[in-house]
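Next come the structures, one after another.
Here come two complexes built around chain A, the first alongside chain B, the second alongside chain C.
Now for the complex of A and B:
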């Protein structure tokens, strides 16, 4: 189940003690532990008091753009120093112990690949930098995993965004990392390649690797994992099973925009529908808040007919992930 | 050793792309082409003076600094601009190794073009009846210039997003205008340090008046030049390493 999570854990027994087994933000055998971490840039707070842990398998870090996902991932890798709190990876501090990087693979969101290298040279370079097997076999094995062998000797500058993304994944895999951090890894990949990459991540997770995937697309994360850490405005909004997020979405009041020739008449008629919470008359129509979108949808034609008005448009305004997270965050607070 | 050499190799590949090789190759040949024109009209001592003038003016003070500026400025600067720096620093290697490898690669690339320019000058000079024995010292001085500028501009590329503009202002206005007016400031001019080393190694009978005038109040000394080069290397590498350790800037 999903729970709006206290950033520092749940006060399970009312005495302030935290039982990691009860809090869905934590796992029993963590590879990565994030403890009361905050990060601010000047006056802007990017991540605020986030505590969670990650273990073998895939965990999605879910949130809208600008929520703080990349900042959290960069702190886990040691690329960003925490303003407060601590991060530990395999029991080590990545800021001070760079030997930990031999066990980590990172696919950054940035288009970070050397355009003047071929994918083969790029992956070999990654292997050499990680002090691991940089042989032709090892490099080709990594390229083969992402279906990039046919284009292995073309310069990365000539690649499409999806191909560059796959080249980065191959480079991250060449040292057979125990922890793989993927920041929006499916960006730019076509549906077939998405399928290939998702299968690959599942395969790695089944082999006991810890995989942390950040994304702002719920459906994308849903194909990869069942466990998510949801972040909004830098705060931990929720943690747990993805199914529960779907369920939570159905309980959130929805807003619907209706374009109509005589809004006031329709507004009056809509108030008779029990599922309608509020109706706001706007310049170009109505904005309706409802607890049950499908009931409103099914009763609207008859109501419009009864009120002798003509509806030209009916569209949900905020069925976004962000609204779900805001709702969950509101409950938590 | 494997990651260090890999960084040097890939950086050289980055810096020695076809366009850069053609561009900087032509730039390094410019003094030799000018000498070729001069050699048609003169012989003997006159050619020595021309060689001296051409070494000072376009070669040491313009060609070498600008070549090193563009190449070294992009050694770490391009990684920062293209956001590939995280690919490099999230590895089980020290930041010191990264900075040293980048400085070595940038110096090597610049030295390759310095060698091309020096050899071209030597060939044209010999064709006009000059002696080849001055060329070893000129190349050694040019190599010192390349190393010092490379160390400085690798650091500049790490600090600033506009290393070329800042470097050009320094080379053209501070070094080539201000120091010319105030010879006391010659020790802050890397190309003059390299030229002073070259003069120290030049055969005694070589008429080097044009060169001596350019080094201001510096004493022709190879050891002083090596000392200054070492100091610049230590300081720039230490600063560059500290900057890379401050990972928020990556």
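Now for the complex of A and C:
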């Protein structure tokens, strides 16, 4: 089992007491480093003493609305000055070293696109602003990647929300950024287009790009990545792989669904396992709460054999990102 | 028909073209500004006002030339009032102000209003690049707005000269420096306050309205100064008559008395108008940089 501090980073962050190499909030080869960053607007603290880093691959930044995700992303891109702490992108300060933007692509949450331009004109303009040669090929390639070529010559004002979102993604991709920051990138996209965009992000990540995705739609993040940074009330609540974070919440019993032919017999037998906290008999099997998932897993076959029952399914039901996040919210409360 | 099939690689291909310099980004914003100001690549209604004003500025020049031709044919020795560029500034000066009132807020306000500044902020573009390109577009368009009608008038009247076009051009050439400098005074004198208002306006229409109101009100206020007044307060007000400053500069350059101008009424020299224009321009530039430093 992974130690809580090493797995979740809950203890480490903001305290500075744990070696950064052990803290899952940090990566081995970072392209983006956030060090003890805080941001306040008047008396409102939006981000409080957050330290983490991002490297090649996709990292999800999670949090409910108003948690501080967008503020953190805006500080990483240098759109917002930190009140305290520092941000480094490719070893440079984005607030002072403008050249770093040639290597960044940003898809902001707001509707940052000119409605009176066509997608083709908008992507071309984005290329020119990024100091790239806005050739037909590169513009069409970016539009093609987000499936917008058929509508490339329509004005963005006539687009649906999902299409506008894809136009912003194309504009962010046209300069071949090494770092891509996506703030709620799938907003408004239909299921097919979500699939297309998620595949594209995976493709870019596989090609060594650093991708930071901010979202409050947990299922989307889960489809994109296994590494997350969770922010609650502006503070780093957890970091690392989803399963490891869940494991680190040892004080919250794990819930497991077991499909079995004779539930009551198995329920009785399971109560002899010390790690089992509670057993609920359901229509189609059992729901077991346990403090130690691995112990339950290792002892279940023998217990089932002893009780002469047939187990057909063993499935943790709260290891999903949504469950993990719900637990994090409970911890906060 | 081939029986072989091919599956093409649709994988991500990185951009491998040249990386252009800072000037490329500035040029892109500048071109965008020109297009947006004139409603190019936009729906027809976006083109109506700017082009109507351009037409309204050129039409009097064309009319004067046509009228002079009808009266004198190709035997003009001195075109008189119709051929006087200093008077022509009176015709197109107010149109220039309206043109600037129309295009300047259009370039600055929507980017803030619709949160589009992040397009620039997330790219290798400095706030000064953005402002330089936007201001440059306003200055160029406002300059052309004044110079094209003047050119129509200048070449038209010269072509009607009794000695032919070349003789006409030589005859009128001594006015060119005054025309150019007065044009600069109009462009900066009207453009800088428009830029200043647009830095803070929350809607294009509000920006346009506030600017026009400020220009006319400062002009009207200074115009209301009693002729005989020697009060210090009026001496302070007169240099704020933004609407009249370009005209005062014109009077100064063309050696006109300009007794009706607010500065003349309080016995201030005409060059004070030029100083006022420069001060407003410098203040506008400073505030613009301050305003956008945190945005881009």
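Everything below uses one rule, namely that the second predicted complex is superposed on the first by the 225 of 333 C-alpha atoms of A that agree within 3 Å, B and C clash if a C-alpha of one lies under 4 Å from a C-alpha of the other, contacts with A are read in each partner's own complex, and residues count from 1 in each chain.
Please note the rule applied: contacts are C-beta pairs under 8 Å (C-beta built on N, C-alpha and C of every residue); 3 or more make two chains touch, one makes a residue touch a chain.
Treat the numbers as computed from the prediction; the structure is a model and nothing was measured.
Enquirer: Overlay done on chain A, so just call it for chain B and chain C: clash or fit.
Expert: Clash.
Enquirer: Which holds for A:204: it touches chain B only (first), chain C only (second), both, or neither?
Expert: It touches chain C, and chain B stays clear.
Enquirer: On the A-aligned overlay, A:95 touches which partner chain: chain B = first, chain C = second, or both, or neither?
Expert: Touch status of A:95: first partner only.
Enquirer: Looking at the overlay, does A:104 come into contact with chain B only (first), chain C only (second), both, or neither?
Expert: Touch status of A:104: both partners.
Enquirer: Quick one: classify A:86 as touching chain B (first), chain C (second), both or neither.
Expert: neither
Enquirer: Contact-wise, after the overlay, does A:125 reach chain B, chain C, both or neither (first, second, both, neither)?
Expert: So A:125 meets both chain B and chain C here.
Enquirer: Touch test for A:117: chain B only (first), chain C only (second), both, or neither?
Expert: A:117: touches chain B and chain C.
Enquirer: Pick one for A:77: touches chain B only (first), chain C only (second), both, or neither.
Expert: Both partners, chain B and chain C.
Enquirer: Looking at chain A, which of its residues have contacts with both chain B and chain C?
Expert: 77-79, 81, 98-102, 104, 106, 108, 110-114, 116-117, 121, 125-126, 128-131, 134, 171
Enquirer: Per the contact definition, I'd like the list of chain B residues that touch chain A in the complex.
Expert: Answer in residue numbers: 2-3, 5-7, 10, 13-14, 17, 82-84, 86-94, 247-248, 250.
Enquirer: Over in the complex, which chain A residues touch chain B? Could you list them?
Expert: Chain A reaches chain B through residues 77-81, 95, 98-102, 104, 106, 108, 110-117, 121, 125-126, 128-131, 134, 171.
Enquirer: Give the list of chain A residues in touch with chain C in this complex.
Expert: Interface residues on chain A, with respect to chain C: 77-79, 81, 98-102, 104-106, 108, 110-114, 116-117, 121, 125-126, 128-135, 138, 141, 145, 171, 174-176, 200, 203-204, 207.
Enquirer: Quick one: which bits of chain C touch chain A in the complex? Just the residue numbers, please.
Expert: 11-22, 24-25, 27-29, 32, 36, 41-43, 46, 114-126, 294
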